[in-house]
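Presented sequentially are two complexes of subunit A, the first with subunit B as partner and the second with subunit C.
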Partner chain A sequence: MSTVVEILTQIRPEFDFSQSSDFFEDGMLDSFDLVTLVSELDKAYGISIDGLQIVPENFQNVAAIEALLSRNGVVP
Partner chain B sequence: MELLRDWDAWQRRIGAVPRATATYTTNLYALRDQIEDWCAAGRLHTLSTERAVLLLRADRGFHRIHHVARDLPALADALGALPAGTYTSDLVGQGGQLEDVCAAYSANGFAVHTVLQRMTRVGGLGADHDGEATVAAPGEAAEVVVLLERLLDRFAEPVPEVAALQREAHDGRLLIVRRDGVIAGMLLYEIKGRMAHLRLWHVDDNARGLGVGRRLMRSFLARCAQVQVQRLVLWVIGDNARSVAIYRHYGFVPDGLLDRIMIRHEGAHR
Partner chain C sequence: MRLSFRDKAISGLLTVVPANERKFVDEMANFNFSQARSLKLKQVMGYDRHRIVAGPVCASDLAVAGIEHLLAGGHLVRDDIDALIVVTQSPDYLMPATSHVVQGRLGLHADMICLDINQGCAGFIVGLMQGFMLLDQPAVAKVVLVNVDVLSRKVSPRDRNSYPLIGDAASITVLERREDAGVIEAELKMDGTRRETLMIPAGGFRRPSDAETAAMIEDAEGNVRSLDHLKMDGSAVFNFVMTEVPELIGGLLARTGTTVDEVDAFLCHQPNRFMLQKLADKLAVPHEKMPSNVVENFGNSSGVTIPLVTTFNLADALLAGSRKVCLAGFGVGLTWGAMLMRLGPLRFCEMIEYREDV
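And now, the complex of A and B:
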């Protein structure tokens, strides 16, 4: 199973996601990427992230995404 | 339709849409700050059904639709409940998934207005000569809006409000070139971290071929280089071969993302 960093790197290979604490402020992800990321996480982990959870705060860094996955029953 | 007052109200609307299947569909890409700005301006209404919610953003004489729906039939039902009026919707995506969403709109009287494609330039920018375009002053924003109202297809490229453009000018993100005292070209951009978004770049018809666009673009690229931007993005009308060729000249390539703009004119349905 792909790790969160691997999924992010597939979407934006030009950036090192392990070095940022806020992907949006650092310009590494935009709102279109967010929709792609949700879809890729859904597919990779067999979940369906709730619409209310699709806010930048839940995707701004690797720890936030892993916490979101945990809330959806996934151990990343 | 109901006036949307704040972010919390929007969250309640979205929360009411079940997202239990892989068929969930949305074209809402705006982040919280943007939605809050629209709410504050009193420009947002919602139309809710049991399994979908439409966010209707008032523009100049029409509404732009953003949808959040459990699945495509739910989207089609919600679109069928729209009152008379002129509406557009930006459907962004790639391949068959985009076709399916377009079909839901087509079934409710919408037709393709135009298709935009996203172009991206990735990698660091080398030192280059600044094109020496001028950073517009807030007091010049209104003149830029007049130029844009003349040049833009308002359904495909929203013309900014004067107040919004004044803020952009204040923050140094609006570049202009004047010829004989008149604004001959403009470029509006946004830099966030290592990403730059070229939002608008237009040269007046009677100033083409005079190097106005080149000066604007080189000034923009120089500003990107100064802050070590790694990724530049823009949207261009897909069948505008001339514009696409110019962007390719500056290192942009299509990245596969399309924005199909659907439109339904007043009285075209029912």
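And now, the complex of A and C:
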């Protein structure tokens, strides 16, 4: 399991995040989960995701999150 | 808009918080969350405990208690007050103004100015601006600025967006002319096109309260509130803060040739810990220079949070000496403003509790 999926599963253990292409559309994450997710990613990768990058498009699936992490200079 | 104020100063700060403290862990069951998710949010956002009024306490009650404390302690003399500004969004009445209510309850003289300002989280900056402008009048030597809100009474206890972080409080700030105070530089912006980002939809003349506006409705995120309650678009507020506030503070620092290192403290409005830490990171301000511990200890009391973060974290330092501070408020309107000043030494800088059972 990738680190990103592991973090997502810790936040909402009831869902299988590897199977969805849009976590928000599928009701797996809401805005409060997004805040928790950003905080966990910041901690796990030692970064601070810019506030303006905290929009649903950057967190809607595993690929989008991994692309965002790459843009922040870390290897997901 | 760029503003400058010369030879004006804050000479003292008092904050008043209700003695009634509520804990987030005791309120979690009200929200549509699992316990595990609530506890995670507690950690990230800083939800822990908040001070809210228990009974029908009004804005003027907290304001009068604070000013009476200063009168009793000799920090204020009744006849010296030339202007009383009350900044609130939770007035005692639609009319008359809460500043008149406070003036009347305290028995202040009539040769003075009473003024209400309807502002929220940027209300300390707007209130200071108004107070400093009044001090340009030779007849005005002392302004008492009151920021006060009891908005917990307008937030649904089942609204997880707002209720865990709401706080009630008042602050009394005394403003005076001081010859050696130097220049206070400020920036203030307002955008009424985004007025619905934070609002109480009913209860004014546009939509008077009635049985329909009191009906509790669940939204898509599971918050349950009525049109009589405060409604906050959390995502829009976050985006607003991340877009406008760094530019505001960065612009003020650049315009005045000030570096982050030269500022001792960034005393910002306190929406929640997460947002403040993101703001600090964006401005490259070390977290310890931008305290974010008000929400977890007292809740977000809109325009009172800048005085509250100051009296809670810097009282001893500001009684003993001065600090270069950058104040920033942002919220309803939308309104956002910042001020750069040397603050202190203050004649008083303290926090007291308001007890409802006395």
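By our rule, the second predicted complex is superposed on the first by the 74 of 76 C-alpha atoms of A that agree within 3 Å, B and C clash if a C-alpha of one lies under 4 Å from a C-alpha of the other, contacts with A are read in each partner's own complex, and residues count from 1 in each chain.
Keep in mind that, in the parts below, a residue touches a chain if its C-beta (ideal position, glycine included) is under 8 Å from a C-beta of that chain, and two chains touch if they have at least 3 such contacts.
Computed from a predicted structure; not experimentally measured.
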* For A:Phe15, is the partner it touches subunit B (first), subunit C (second), both, or none of the two (neither)? -> first
* For A:Asp30, select first, second, both or neither according to whether it touches subunit B, subunit C, the two together, or no partner. => both
* More residues of subunit A are touched by which partner: subunit B or subunit C? -> B
* Would you tell me the residues on subunit A in contact with subunit B in one complex that are also in contact with subunit C in the other? => 12, 30-32, 35, 48, 50-52, 55
* To do: Name, in rising order, each residue of subunit B that touches subunit A in their complex.
  => 11, 14-15, 17, 19-22, 24, 26, 29-32, 68, 92, 118, 122-123, 191-197, 229-231, 233, 257
* To do: Could you pull out which subunit C residues touch subunit A in their complex?
  => 33, 37, 40-41, 43-45, 160, 221, 234-235, 238-239, 241-243, 274-275, 277-279, 281-282
* Structure fact -> The residues of subunit A that touch subunit C in their complex are 11-12, 30-33, 35-36, 38-39, 48, 50-52, 54-55
* **Residue numbers on subunit A that touch subunit B, as the complex places them** => 12, 14-15, 24-28, 30-32, 34-35, 42, 48-52, 55-56
